[in-house]
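Okay, so chain A shows up in both of these, paired with chain B first and chain C after.
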Partner chain A sequence: MRSTHASKLTGAALLVLLSGTGCSDPLADPLPHGNASEAAPVRGGTLRLGNFGDIRTLDPAASSDQLGDEAVQLLFSGLVDFDAKGAVFTDLAEKIDRSEDGLAYTFTLRTGVRFHDGDELTADDVKRSVERSLHPDSPNPVGSFFENIAGVIEYTQRKSEHISGVTVDGRYVVTFHLLRSDATFLPLLALHALRPVCKSGGDRYSDSWAPCGTGPFKLLPGGWDRGRSLTLVRHDAYFKPDMPRLDAVTFLYNVNIVTERFKFESGEIDAIRDLTQADTVRFLADPRWKALGAYEPAREIHGESMNTEMAPFDNVEVRRAVAAAIDRDHLRLLRAANVIVSAHPVPPDVPGFNANVPTQTYDYQAALEHMKRAGYPYDPKTGEGGYPHRISYTAYKQGFSEFAAQAVQQDLAKIGIRIDIKIVSFATYLSTTHRRHVSAISPQGWSQDYPDASDFYESLFLSRSINEEDTGNTSFYKNPELDDLLDKAHHELDPQKRQASYDHAEAILRDDAPWAFTHSYRWFDVHQPYVHGLAPHATWVWDIQNTWLDRATAAISRRSVISEVSFGSLFTTREKSDR
Partner chain B sequence: MKYFLGRFAWAMFVVWSVVSITFFVESVLPSDPARMVAGAQARPADVDRIRTQLGLDRPVWTRYAIFMRRLVHLAPRANANEDPKTHAGCVSLGVLHFDLGRSYEQRRPVATILGERLPRTVALALCAVFVQLTIGLFSGVIAALRKGRALDTTVVAASLLGVSAPTFVLGLILQFVFGHKLRWLPLDGFGSTFAEHAKSVVLPALTLGIFGAAYYTRLIRDEMIVLMQEDYVRTARAKGAGTFRIVLVHALRNALMPLATVVALDLGALVGGAIVTESLFRWPGLGALSVTALVDRDGPVVMGTVIVTSCAIVLANLIADAAYFTLDPRIRKT
Partner chain C sequence: MLGAALVLFLVAFAWLAPLLSSHDPMISDFTNGVRPDTGTPVGPSSAFWFGADRIFRDEFVRLAFGARLSLLIGVSATAIASALGAAVGIVAGYNEGRSGFVIPWPLPIALAGGLALAVGGHSTLAIVGSLFGIVISVVAIKSQIRFLTAGVDMNFDIALMRLVDIGLSFPFLLLVMAVGSAVDRTSVGSILLVLGLTGWLGTARLVRAKTMQIRSRDFILAARGLGAGTTRILFRHILPNIAGPLIVVSTVSVAQMILAESVLSYLGVGISPPTPTWGHMLFEGQDYYAAAPWLVIAPGVAILIAVFGFNLLGEGLRDALDPRE
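Coming up: the complex of A and B.
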């Protein structure tokens, strides 16, 4: 009797407490800004950003994750870089001369560019940094991207001491010689891997090196508290006049996603990206905040990868049936604030995307017809027929992947394909679905390494990307016609001819359906009103270099002070603001 | 003495077994640490190169032999012609060196990483146990003395609430109320000064402490109710001893016997890392580290945290044995 009574008490108390937490808590007012005008940016201040994850390294020769890239981008400038839209522009290089055959790129460096340690950047530093990054002892996760530079293969095989295809032609002139003309060379060079590092970085990668480059911010001793925070301060000798405007940028790492929102509302962090689905909807629904938010460009594609070497997906009609059976709108509704339906092999905001090319679409009757042609007719009324065996489907332990798996399971059941969902850790998922003859169908995605269609097509559908383990081509799809098209596009320097090749490639993939392309994902970012110029960047998440702050300090400190009415505000629906 | 030597030998065997089993389980998991280091989208050639650099291309038995040889070895002799870097990541204990290897992800000696994290976890564990003991002892004794009355019912209900609430719910509520709404305490983090550390530890310690205190309350209450019926308590009462003296000197001392074991085991488990609480409050301890290491398949760090955790639990058991020895004269005699 007593325990029943106690249980009721417990339940009631929990309910009361939970009703006061995030579920019903209204969003705070945006913090006010000062009086600076957009035309006259204010210099100074520290931008504070929170992150759910953590970074592993700040060395451009080893950086492999998006979070790390955010910081590496601030520490190291490159010969070329990506602008906010993803187009390549000259950064440390003053000009680029491309030879007529497209096999040599000569970069003339800006003079007077200073490293964080005060040394001047020269062409020797560029060559040394390239060799440091591509050395076989360096843990460079993208080293193989640069095998088209003459001499890199010999260098990585330890057959030569230096890379013959990178030549110093003057104190400020360096030339890259390619084996074949390459439309992806400049986008690849704009990645972080080959960016110049200080002489203290040496000729070879070292774990203990303190990051030092020519970027707009520098790392001081003690600035990186691993697992907790990273503070970068302005590089006063940065080569762009009056840039950057911020004194410092602080990243907080491993912040719980709910705590991050609390910190953002109180002004402990100035912008937020890691939002729960519920919070994204709340920010979007609140006109005060919606105006301060923006969607990042869509940089990833998702779909169902079907193993063309395993039954029943070795039958193109079954693959077409799957592509027609999945109602993409079901997936969108699972996370409507972030998911957009897109059945293209390239995300909507990546160069090479063409909205005019017809895509796979949901068509239930067509799906049934494809099943019939495949020899597995299915009768939806009786539920009889279809593929006679159950198929294992491996997804990973993360909210959306789990929910999407169930939506796909239900859609495929309607055409007689019955899948058993197996949820595993991300590491196990990667290992099992990227191994030959293991996974018949699995959810797959690809996030851009660099903003170009080749990154998606070549990684996922070239027959050369097939491997026994760690395969990039998870559908093990082989099509010589597609291989030729993609190779041609890779080496084609005329943008229009390239686009035509990719449009043709997309048509082939749509019909052969090694993937059922389903959706793309966009992050929604919000910032406080006093943060200016912090726009989503097509490649580096944020455009921090142009950011400046205009805080109304009095108002912020007022929010930070413990108020005598704070207890009263605990259970109110909305705090009236006098701001 | 013989008893403790035997216990110590058994403890060493337990630690070795746990470490060995973990090593092999970790090695046969169907996932690839090199892939996790290189990134989900790295090309096979790059993953292969990183696998070789990490030594993961060797057979598992070879890796085990190398790991065990490095784990405990002798310090280099003064005149030894050995590269000092070889022992740079070692922890010294006299002539013995302990080398836990280098983290795949952080590319630093695991001993260095654990050296940063362990004191913070120990501090949190001690604070949490302090909260548990303070609340548990006080409320348990009060409930026992007011058995069957409203106060007892309230304490029992509150303890049920504490035991039932998962730490992530409790932590989130505390964070919301005291960090977000009232702004009395930091939402999370560790701080840079002693005062900031002290402020930062309050919420995670309360989260762990309230959860544990609920259990201690029930334990102490039940023990005290039984002990208060004992003959020696009745005798003391007949002799005119006051309630305070009876409770504190006679009953509570005996009630501490089962509590000592529980506290020691709790402390051992907490030193292994309070995974959820540390992650929620961004407390930079072993719990948060072990989660990240497991997700990233960072084998050396996983092994390091397992070694620390198993040593802590084994040590806690030894302490519990010692506590029994001190608290119960009957054990000393046997």
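Coming up: the complex of A and C.
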């Protein structure tokens, strides 16, 4: 019979395949570096970086993803920017004057700043760029962040020709007038969206425009091979003397993460951040490489969101039971190199995070007690009692999401909450768990739009963030006291008073438990020894502006990389946390 | 013989192996299943014979429970597919070339309308509409209302075999995946039905050919001459004569079903976790193949043995049942 013959062949092929998987090659040696000292950075060279994802646009008025923003901020400098730790500093602005009432911010620009096309930057360019980015015809995904600037709402509704709240008060002086005092104004302004663009950018977004700004790098014609690579070259007229030190940066996109690691080891890319857990463990275990790596905090939070409008999670005691029943250390062990236990609503390293506020913790006896108080006593010895109905739990098809779901399922079974895991595509997961009255409990996460606690609290827990579809508040949690606190904190300019409000808000969320907060991530980034200053950046992935290279020989860097970007496209849809 | 031995080994492994281990296939062992230095699962050892999986459960016990599931699904889905395929094949083959029967036109119209309504999400209307069409047709036939009983002249063989042709024009795995993704809740029962209801097409074609061969033999003619009815001829005379090839095809089909179930689980449209299935175990282990090769080798070899075993068994049965040898 023919099928038997075929199965013999298949069997032989499978055996060959399996026998090949057992061996794991040792990692290659780090490549040699030159003799430059850390104190005297060398100028020149091309930094080459790989990514498994891709970018869509290089226009500040349209970009909204981490990889795209990383390139956009190199092309466009802003009035203010984030340093590597996420703190705001003045960049194109020489100084900022805030009015007494906190309603007006006056920026005095540096003089002599040149765009990539040679024009000088003036206050008019700032106003024109803000209006271009917020124009109703520009597809700006973060436009709503700026509605507190006076006149923006009228402008986006086409009721006015210009934004009344942005005024030009001199050739180099521009003032932003706000509707209410706002502690998040400067961090939001430091994002890429409103950064000055050349006059060629016109008055609104256009997808045929060649990006042109005041940033340290510029794009030459042909520099962006869509879906494959992007090369940015130094802007020689950049306003900071001797910066940037690199001649160029090349990003490769759509590179399969395993291919990326091979390219890194062979010296075709200079640094890598897309390591699988298995590879992370290998690099960490190798003393030659461990010293060349650094942990990059992911600035995202994860937990189990419980729908406060659906049984049994409309009962606060059940929610508390869940928050106490999940052993977060078990979740950490599922991916020990990358998962960090954090039960705060704000990830570590984001302004507003306070490690001293007590969090939800694993306490099995307390969880059983909460179940009893909820009216669902459970006897662990007999396995009887608990919540009488099975609960559907939607997770998405991706390694860690599936594993974490099963660990949570085991923990909840121990207090008499029995969940059925349904694994669906990411799109189905989003549409199921972000719709009202559909999902009782689901794994949720939030990664920062801008480095500030308000982004996390307001997106996830304000009653205003509840929508019938595509809701941000997946717990459908409504608490007027929390709403007031968060609004107060948003407009409070005194850092201490603001922190106190957030600490209070965190305590409310801990006790009301709309989420069982569980974990965050950290990624291990490794670079070759000749790469200096390439530290993880709080907002822009990597601190490329301060990077310099010190290669031992020029030969290594001159390998043609772009022609070798090939078969990674199958993996473009991989989630970051799937690494 | 080797095939029978492999299948017996698999059955024994599925039901006896869990007795050898104290681990529960669904429960993680976060204390002994983890290597404390790296946080990765432990490899094969005396406590975990085939190592621990990505969530620190015993791979050996999970493999055995996966075997139970694979055997259950393989055998049950084949039973459904063979029964359906044999029934369709016999009816089609026996009626091949015979004059047809008339389907009164209200019936196909009502059924097509019902299908359209069902697709549109109006299931109650669809059922009511279809029932209405059936009742009208029955009334029309009973009361011999001529203009209502006129309709499509059909032949059982043509109708059924075109259906089989359409089904076979889709690659089997693609068809199974499409149906699998459309089924919302993935349980053992639903996977079994998906495989069973899509796997009968080839069997039907084979049985039809065999039936056509047998129905023209003298003993069938004799039986009919002695006054035997169609049902009696089909079940007492034709079915026993096609049993040999049916058994052979079914045995090989078990291997196909096991493979199909693994593919579905691997692609994530199979049974939901934490239920252990070989295909999903392969999926869970693949990212780790360099660090923990046992996680892909164990389910991979299990699938290999099962498919190999059933294929060899089928071949052996064919040789044993073939009267020419």
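Throughout what follows, the second predicted complex is superposed on the first by the 529 of 579 C-alpha atoms of A that agree within 3 Å, B and C clash if a C-alpha of one lies under 4 Å from a C-alpha of the other, contacts with A are read in each partner's own complex, and residues count from 1 in each chain.
Simple rule for what comes next: contacts are C-beta pairs under 8 Å (C-beta built on N, C-alpha and C of every residue); 3 or more make two chains touch, one makes a residue touch a chain.
Predicted model only: the values in this text are computed from it and were never measured.
In the superposition on chain A, A:Lys422 makes contact with chain C only, not with chain B. Shared-chain residue A:Arg282: touches chain C; no touch with chain B.
Look at A:Arg436: by the touch rule set out above, it reaches neither chain B nor chain C. Set against each other, chain B and chain C differ in how many residues of chain A they touch, and the higher count belongs to B.
Using the contact criterion defined above for the overlaid structures, shared-chain residue A:Asn254 touches chain B, although it does not reach chain C. In the overlay built on the shared chain, the residue A:Glu469 is in contact with chain B alone; chain C does not reach it. Touch criterion not met for A:Lys488: it reaches neither chain B nor chain C.
Across the superposed pair, chain B and chain C both touch chain A at residues 3, 7, 10, 14, 17-18, 21-22. Chain A contributes residues 2-3, 5-7, 9-10, 13-14, 17-18, 20-22, 25, 54, 56-57, 62, 64-65, 136-137, 139-145, 156, 207, 226-228, 252, 254-256, 258-259, 262-263, 265-266, 268, 425-428, 430-432, 434, 446-447, 449, 459, 465, 467, 469-472, 560-562, 566-567, 569-570 to its touches with chain B in the complex.
In the complex of the two chains, the chain A residues touching chain C come out as 1, 3-4, 7-8, 10-11, 14-15, 17-18, 21-22, 24, 276-278, 281-282, 285, 327, 329-330, 332-337, 397, 399, 402-403, 405-407, 409-410, 420-423. Those residues of chain B that touch chain A in the complex are listed here as 29-32, 35-50, 53, 102, 105-108, 113, 116, 153, 156-157, 160-161, 164-165, 169, 172-173, 175-177, 179-184, 187-190, 279-282, 284, 288-289, 292, 295-297.
Residue ranges of chain C in contact with chain A, taken from their complex: 26-28, 30, 34, 38-40, 54-56, 185-186, 252, 255, 268, 272-274, 284, 287-293, 296-297, 300-301, 304, 307-308, 311-312, 314-315, 318.
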